[in-house]
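Paired with chain B in one complex and with chain C in the other, chain A is shared by the two complexes that follow.
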Partner chain A sequence: MASTIRVRATSSGETTEVQALIQHPMDSGFIKDAKGEIIPAHFIQQLTFEYDGKNVFTADWGGGVSKDPYVKFAFKGGKKGDELKVSWVDNKGATDTTTAKIQ
Partner chain B sequence: MKLRSAIYLASATLAFAALTFASTLPSGAADKIDPVADAKAFQKFFTDKFPKVKYEDFVNGPYSMNEDLHRQWQEKEQFPPYEFSLEMGKEMFSKPFKNGKTYEDCFPNKGIGIRQNYPYFDEKEGKVITLELALNRCREANGEPPYSYVKDEMAALTAYMAFTSRGKPMDIKIPDDPRALAAYENGKEYFYTRRGQLNFSCATCHVQSPGERIRAEILAPALGIVNAMPIYRSEWSGMGTTSRRFTTCNSQIRGVPLSPQDDEYRNVEYFLSYVSNGLPISGPGARP
Partner chain C sequence: MTDVGFSATRRLILQGAGAVALLGLGNLPFGLTPALAAANDKYPEEAFKAKSEADAIKALYGKTAEPSDKVKMDAPEIAENGAVVPISVTTTLADVTSISFLVSENPVALVASYKIPAGTLPNVANRIKMARTSNVIVVVEAGGKLYSANKEVKVTVGGCGG
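What follows is the complex of A and B.
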């Protein structure tokens, strides 16, 4: 399957603006399905953006975050052509990683 | 006696008034079905009501009605929420069925760039055929079980087909067949008929009040509303087809929805698509 992460990072010289969209059900564990059975909790617990060996953004998420979450932030620094690494881990231990070139 | 003659006189006057009223109407205008004039009047209604909205922008639903929403949407479009579904649709579309055939074999031009021709009137069958229906028939003809009409796979497939047709003007034809005209007229009637506990017609929201709020939502104009289908709705946290939109609209007005792809729904889609002729396909869309 294709990556669950879409990311775009653009540098304006001083700062880098990052946008990401992640495909994930983000089930809270409080919702029942059509048969009345609880859909088990399944959500991303930690999302990290790494640049130049350092974490530039970390999010500790829970079941309150929407399905297929979208993130946008900016950090100081970041050069065009450098790589930005994005990864997430969910409560079932699943994980995905991708890298994107800063534009 | 006096009373009776008064009644005679009154009813005679009424009858006379009705006669003169009828004779002032253009002859036969009330019962003749004229889709060309309908579409012209329909489009003129919206362009007159919203003179500042660009013609092609009507297909963008609520975003054409509200500047703030428009800005938010443009930002969202850089990472459209329908992207995952679109990718899935693309993959599914060219993946062969068990018998080796694909969806491409069921459609003209291999299914690429043809969204604007749906729904069409099938003269053999005497009914309106929508894209969703054609897709499921294609599956069944190839020995595959049909998909649900409202979301997931069906939405992914129609999303891909709409995407390959983006920008092409809606081009619905009504053949010279009394059954086609009847289907069109039936769809029009459904569109303007009030129903449900709230006593709303489709037109109450989408003709009378586009741009107004209904709770937190901004209502989309009926003109071009089908051009953006299927849509990712944040409210649904997922994709939905035209069928999903029709059925949920009906239950929201506390009416009883028909089953998806019921003849009447197909006729409504036929009517709505016809009066939006000339407006570009913009699907798949994203809606709040």
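What follows is the complex of A and C.
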């Protein structure tokens, strides 16, 4: 199965800029469908980025994050060719994880 | 701070579970959950239930924020589509440990909270939903104190309506 996570990590030498785009409905639990029934909450709760065995960024998300969420951050260090591990877990306990090479 | 003992116990249990998962169940999808939880602080469930931004900030940090011009938020004046509002924040404050995004008028005020470990830059961009025209609040935790920035974003089509 293709990963739900797309990551681009680019090193500028001193820092590594990371952009992640994830496929996820991010249903808040407040929206009704066409029949007027509430679409149950279904959203990513935690997204983590690990580099060199260390956590470099953690996102705690609620249902207010847009569908197919996007996030951008940067950390000091990070070498071209090294791996960045990205994982998420949602409120139903589903998870996905991927690793991306720093470019 | 009253649940320190509880958290520590929980963390030990989770670490144990994570270790078991890594040894025996590492290839199963649910093996990941305890490993994640052990590596990080727990998901702030209560803060994501709070209706108002004040309650959410209190649940998340246990203190109040003061406005600071060192917190710079980049948000549109008018968002045509409330379902996708790009917001980013940068700050010149030192020792930033956390950045959170809140929308006053959303059914749940807290949208996202990011943990910034040492070595990670205090700049975050993301896309959020807005039910209607509202104040967007960014809270930055730096050196144990809270600083905030506010901006009203006008929404022409809400992102949380039916």
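Quick note on the criterion: the second predicted complex is superposed on the first by the 103 of 103 C-alpha atoms of A that agree within 3 Å, B and C clash if a C-alpha of one lies under 4 Å from a C-alpha of the other, contacts with A are read in each partner's own complex, and residues count from 1 in each chain.
Just so it is clear, contacts are C-beta pairs under 8 Å (C-beta built on N, C-alpha and C of every residue); 3 or more make two chains touch, one makes a residue touch a chain.
Please read all numbers here as calculations on a predicted model, not as lab measurements.
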First, second, both or neither for A:67, with chain B first and chain C second: both
Touching partner for A:8 - first (chain B), second (chain C), both, neither: first
Which of chain B and chain C A:23 touches, first, second, both or neither: first
If touched residues of chain A are counted for chain B and for chain C, the larger one: C
Shared chain A surface residues [contacts with chain B and with chain C]: 66-67, 70
Partner chain B, residues of chain A touching it in the complex: 2, 6, 8, 19-21, 23, 66-68, 70
Touching residues (chain side chain B, partner chain A) in the complex: 78-79, 81, 83-84, 87, 237-238
Interface residues, chain A side, partner chain C - complex: 15, 26, 28, 30-32, 36, 45-46, 48, 50, 54-67, 69-77, 87, 89, 93-95, 97
Interfacial residue positions of chain C with respect to chain A in the complex: 29-30, 32-33, 36, 39-41, 43-44, 48, 83-85, 88, 103, 106-108, 110-117, 119-121, 123-129, 131, 159-162
